[in-house]
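Dropping the structures in below, format is structure tokens.
Each of the two complexes below includes chain A, the first together with chain B, the second together with chain C.
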Partner chain A sequence: MSIIFIAVNLAFALIISPLIDGFERKIRARLQNRQGPSILQTWWDLIKLFKRPTIEPQDSVKPLYKLAPYITFTSILTAYLIIPTLLPASTNFIGDLIVVVYLLGLATLCFVIGAFSSGNAYAQIGSNRDVSLFMSEELLLAFIVGTIAVIGKSLSLDRLFPLPFRISSVLALLLLFLVIYVASTRLPFDIAEAEPEIIEGPLIEYSGKHLGLLKYSIFLKRLLLYSLLLDFIIPIQNPIRLICYLIGTIILSVIYSTFEAYYGRFRIDQAIEILKRASIVALIVWMIAIVGW
Partner chain B sequence: MEAQMLLIPIGVLIIAALVGLSKAKVALKIVSILSAVASAVIIYNGVLGLKTTIELKYNLFNSPSFFASLNYLVFRVDALSAFFLLILGILSLCTSVYGIEYMERYFEREDMRVYTFNYPLFILTMYLVVICWNLLWFIIFWELMTLFSQFLVAFEQRKEKAVRAAFKYFCMTKAGAEFIVLALILIILKATNFNANYSEIANVLPAYLSVHSTILYTLTFSLLVGLGVKASMVPLHSWLPDAHPEAPSNVSALLSGIMIKLPIYMMFRFFLSFFPLKPEIGIIIAIFGVLTLFFSMMYALLQEDSKRLLAFSSIDNIGYILLPMGAGIYFLASGNQLFGGIALAAALFHTMSHAFFKGLLFLTAGSVMYETGTRDLNYLGSLAKKMPLTASTALIGSLAIAGVPPLNGFVSKWMIYISTLSSPATSLFGIIAIFISAVTLGTFVKYFTAIFTKPPVKEIDAKEVPLLMSAPQLLLALLCIAFGIYPFIPLKMISQALGSIGIPLASLVVYPSLVVPRTGSYSPIIIFAFLLVSTLIVLLLIPSRGEVVPTWKTGRSEDLNISMPADAYYRDFREVFREVYTLGDASKRFVQKVAEIGRILGTKFEVFSYDLDSMLSIAMVLIVILVAVLGGVGL
Partner chain C sequence: MILEILKSNNAKILRHDEKVTVALIPNDKLRTTSELLFKAGCYYATGAGVDERLLGVGFSVYHIFNCEAEGRYIIIKAVASNLRIPSITPIISGANWAEREVMDMLGIFFDEHPEPLRLILPDDWPEGVYPLRKDFHYNERPPRVEFKQKREKKPGVIEVPVGPYHPALHEPEVFELCVKGEEIVGAVYRGFHVHRGMEKLAEGRMTINQIPFLAERICGICGYTHNCAYVQAIEDAAKIEVPERALYIRTILLELERVHSHMLWLGVAFHLLGFESGFMHTWRIRETFMDLAELLTGNRKTYGMNLIGGVRRDIDENKKKRLLEILDKTKKDIREIFDNATQMRELINRMKGIGVLSKKEGREIGVVGPTARGSDIDTDVRRDHPYAAYGDLEFKVPVYKDGDVLSRFLVRYEEVLESIWLIEQALDQLPPGDILNEDYELPEYTICVGATEAPRGEDVHFAIMGEGNRVYRWHPRAPTYNNLPAVPIMLKGEKLADAPIIIASIDPCFSCTDHIVIVDGEKVYRCSLDNYLGGL
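Coming up: the complex of A and B.
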């Protein structure tokens, strides 16, 4: 039973995540007084990329450069085994919150190693920024994970979904909302891929199928993080969970894309500074959780 | 018969050391092979020790004398020592084989006898520290271990840096050993009635110490300082980043992989089987663990020397061992058997994983030095194409140390988080450990990419290292993967080891997952299988065969004039977190000031010492104070 549920969840994620990006593009376009492409446009882009041939730069370390996009993609897919999306699969035996955090870390690691192996200087600058951002983002995330563990007295996901309603849990989820925004590489936090200055950074040499896979994994990662946040809120046994989940996803993508449409890009040090300040807030939230509020 | 097996490595290693006294070129090969043979026997003894307890007893003096406790030389291997013997054996097997080719580069420059004589003796003393069952003999072997390893650090005698590092190492660990001696004398005089046998102490001491709590805290303090110096616990770590890089790489692998774990082994003996379990002692150890891992990793991020970076990361990993050990003592003392067992198992698991991946990383750094002659991360680059095997093993080591699933580094980190995060007293420790784990990832992305992928400053001439050097690396890399995907074998050994000091490890293993009831779960097999299968499917569905084109230079014909040297990595991150470094530098200045004051006092004292009477009176006052300290703590 649960294996079928996992399969359904995986299929859902693979099909829907590009559509969500299409939807967000539409919203951004409307907010900026543009017509915008159709919702399916992201899917057409991906299909086009998958049909294109790939190239390999001369200076690259070929095995690493070629394999990295695949493992980035599949490590995010692996996280979908653990986090329930469309259907509430009981997948407790595969992993817990820590495993999810580290699988996302594995994806980041493969992504930057691939970029570093391309031999392009811009890719190095970009992935260097990516790792800097990842480290400071992880400080905030560590506090959130700690707070959630203290609130739920567990790290196992079926005990944490949903979190009990307390001041600390609301604050922790607000901070999680911020981390998700940073982790999903959007304006103003897409510093690693900044197009105007370092020409897409880590993605600079990637083309065709590789580029498609990397883009696809970013979409998958966004939907995964949405689901994580929603699972903390929506009761898992609720009969109308499915509807709540779908509505929640739409609401989140509207909010996130609105932010994205209105902001310019941060400098890398500004972004790290913001994350550091947020971590101090998270320390206070952790203390509130320890007190038991 | 089985007990006699314990003697074989001793004999073989002594023969090796004697052969090492010869100047002949072939001595290096013979010494390395003999050490490798001895290591294989050590592994065998470890496996044997996990099955049954091996004991060997010698009555040396045959007369009741003042040295009554030295009378009996007892070797005994229980499951805990067997676990450390296994690590020692596997690692020294790899480094001995590696040394055959690696050390040849030094023939023209150095006196090889320094290496060939001290190397087997260093392994021998480590072996004796693990198997001996008497505190007085332990301290003798312990000091010998420091001595022989010091000569190995100062192997390149013409380099002033190496000699200074060895001297610093010797002074600090010697001073630390005095604290251990003090603790031992206290134990033997006060509590056990001149008996230094471990089993005897474990019987008598806990009851005695739970009544005399002052002595307990004195002992805890001096043992934490004494063993902490050797384990390079912050703030007593400063010898390690100097000493470990200076030794030949295979010796660095031994120093980082197993020697700094022997204090951990003794801490397990002292704090868990000799001392009554007190929550506050556990918390203190855990706090030192957190300080250790935090500061050392933040400083590792700055390093531009490959082996110095690895040395800082060794200190960090000692933090990752001390933290769960302290947390485990805390949990056991406050009655939480489940978390206590898991935290202690995490400490032992990390001891083993760190020995493998740090040994591996030091060997890869050594291979790079062997080919290029440098450790400078700014200069190195683009070696992955020239040394593919070394590059792939270094990548596996980096992934393992960064703790990404499904490699072995993740298993121990997962156990640390599971046990610490959800309890209020230890939650913050776990949080900092997660953050530092991300910094570790950043550091090792730097290590790997700076050596193997970034374009070099100028073209470097290198080729793959010979088979005798790459085989040990491959073996260690294989162990990192195997114990990551299938952690049940080491966990079984660990549960035996913990069982031998009386700590039950609650049923953690529910095949094919690791499950902690109501708290967490991790299934390395399923995750690995899914990663593998889905990657293969995606590779089949979307195969990529591309043509090779020149790297894109924004349309210009000449080279882009930008490059990223190692010192430019994560500059923004370091800027924003500069408070950490300000704090670290301030404490460094403080220590330097203390050293300065000590020097001034020393000079004054020297002037003073021409006057015999005042010298004698000062000595007497000092002796009185010492006696008061030794005799008075019980009051």
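Coming up: the complex of A and C.
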């Protein structure tokens, strides 16, 4: 039974995550006084990319360059086995919280390695930025994971969903909200891909199927992070969990896309400065959690 | 004072009136004269070479200085002896490009020029063929020659090309940035990829009253101001009295063009800083100004309004009323969006202290327009050399001291509001009467100059009248030509992330700058040009 549920969850994620991006594009367009494309547009874009031929740049390290999109995609997909999305089913084991963090890290790492091996100057600058952003984001995430583990007294996700209502858990979730925003490469934190500055950075040389896979992974990662945050909030055995989950996802995308529409892009040093400050806050929250508030 | 400088250097004064002084300088005094003029506060506007062999003179070079203090342009002429002439670049670095252009186009060699390299002609252009000489026919196409590009790789730096295809700059040009980590350690500009041969075309094929329409096509954003500058040059030469009403209509259109151009730039700036909502809303407001232009001229852009001696369409009471109504509404819109933008801390932080150009460097290069005014250089052609109706109207020239991107941003923002105020004044005071004076005679071989304050800075059109309704030489100089050499200075030591906004901060208009010679592909050239001329 559980395996069927997990399969349903995976199918849901694969179908819905580009739709969520289409929805967010529509919201941003309305805020910017534009009509905006149809909600299905992201799907059409992906289908078009998968039909197109892929080209490998001459200077690239070909095996790495070709492998990177697949590993990125599968590592995000694997994380879906652990985090319940639509239905409350997942494979659980002790320490799966850490595994999720590592799977997300693996995805970013492969993304960066693929970009580095393309041999393009813009891609290298983009991956440089991606790594520095990832490092500062990781520190913050580590503190949040620590706080959550202390609050739930466990490293297994099924014991942590949902978090008990405490000062420290509210603060930790607020910080998680920020990390998710940063990790989902949105303005003002889309520094690694900044289109007018370094022409989509790491993605510059990718084309066709590979580009499609990388874009698809970004959409999947966003939905995964939404689900993670919602799972910490919504009680897992609640009969109306499904409705709460769907409404929660929509609310999150509205909030995130509104933020995105009203911000200019940070420079990498400004972004790192903000994340550093947030890390200090996270450290304090962790201490609060230890005290038991 | 200027006259004394010229006279003390054995100059022969060829023309001296309210607006223009033309003097012939002996070659050995050229440098000292230029230095004295520069020290007296005249900055280098542009230079042009002329093939005057048909007039029995030989090859000559004209250096044009803008003397703000006396409100006049000073043109010093020197005749090349044996195709050689002393270079003034060692004294005034702003003359660098102008002199190299003359070298490329006319084959005059400048002695002691610090970098006598090709600037405008492409690498596959044969040696010894000079397109602006009178014996070169305007549709001649010399054979291509093979060329080898030599490139050296520097260790430890990544070379990042910004252009010729880059989403931040939608025009053909290259900035080669040497980057260490995120820091820019060096920058080189390579431009002049798109040459349209307008000067040659005007001299070889067009009549005086056709050139305004060609001049308007120098730029797709600020075309009307080029058109005005050319028309003013001819009116200056022929001493044509332009009806007052025509002058006011020109002022209204010039300011309308400035608002639309600045709004365009401000939108692009927001886009480059990643503030997409600001970009979209700014361009929504800009649309209103395009509609206003359509209301007045029938065209959203490229108005086609000027003829020598006046304008082609009148503004009636109905249009005037609608114009004022719409202006009133958009003014509030503009204020709202910019008040919001200037309160966004992260947006302001990304512009503050970045891409600094000091006053001294700016003066040496001869930067113009908002780029100059952002660097504490108080210059504005509208005020210093009043043309159209600017002498009668009241306006402020915003000047900021910091010389960074934010200063240039704020200068442009204030100018938008000033421009709207100017349009309102001009509409209010619009005098009655004719709009076109066609009763004039054209003099032969008169040197003249026309200047306007384009949205990007001073536009200078230098012309020599020819025989029978033709120009002998026409040399337009777009403001970006003077502003571009400042960009590598601004870029040095900055972060790569800031490069697009710094390059964009001078509001570069590469198509304006690259108007010089015919080197287009055969097909493109034939169909577009012949169709265009057939329509005239």
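FYI, the second predicted complex is superposed on the first by the 289 of 293 C-alpha atoms of A that agree within 3 Å, B and C clash if a C-alpha of one lies under 4 Å from a C-alpha of the other, contacts with A are read in each partner's own complex, and residues count from 1 in each chain.
What we mean here is this: a contact is a pair of C-beta atoms (placed from the backbone, for glycine too) under 8 Å apart; a residue touches a chain by one contact, two chains touch by 3 or more.
Every value quoted in this text rests on a predicted model; they were computed, and no experiment measured them.
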Partner chain in contact with A:Y245 - chain B first, chain C second, else both or neither: neither
Partner chain(s) touched by A:Y206 [first = chain B, second = chain C, both, neither]: neither
Touching partner for A:F219 - first (chain B), second (chain C), both, neither: neither
First (chain B), second (chain C), both or neither touched by A:R34: second
Touched partner set for A:P188, first chain B, second chain C, both or neither: second
Partner chain(s) touched by A:Y262 [first = chain B, second = chain C, both, neither]: second
Contacts of A:F23 with chain B and chain C, given as first, second, both or neither: neither
Set of chain A residues, in rising order, touched by both chain B and chain C: 121-122, 124-125, 128-129, 199, 268-269
Contact set on chain C toward chain A in their complex: 158-161, 166-168, 179, 181-182, 270-281, 284, 344, 346-347, 349-350, 495-500
Chain A residues touching chain B - in the complex, by the definition given at the top: 50, 53-61, 63-64, 66, 70-71, 73-75, 77-78, 81, 92-99, 101-103, 105-106, 109, 112-113, 116-122, 124-125, 127-129, 131-132, 134-136, 138-139, 141-143, 145-146, 149-150, 152-156, 159, 199, 204-205, 208-210, 212-213, 268-269, 272-273, 276, 286, 290
Touching residues on chain B, where the partner in the complex is chain A: 382, 384-385, 388, 391, 395, 399, 402-405, 410, 414, 417-418, 421-422, 424, 427-428, 430-432, 434-435, 437-439, 441-442, 445, 448-449, 452-455, 510, 513, 515, 518-523, 526-527, 530-531, 534-535, 538-539, 542-552, 554, 560, 562-564, 568-570, 572-573, 575-577
Of all residues in chain A, those that touch chain C in their complex: 28, 31-34, 121-122, 124-125, 128-129, 187-188, 190-191, 194-199, 261-270
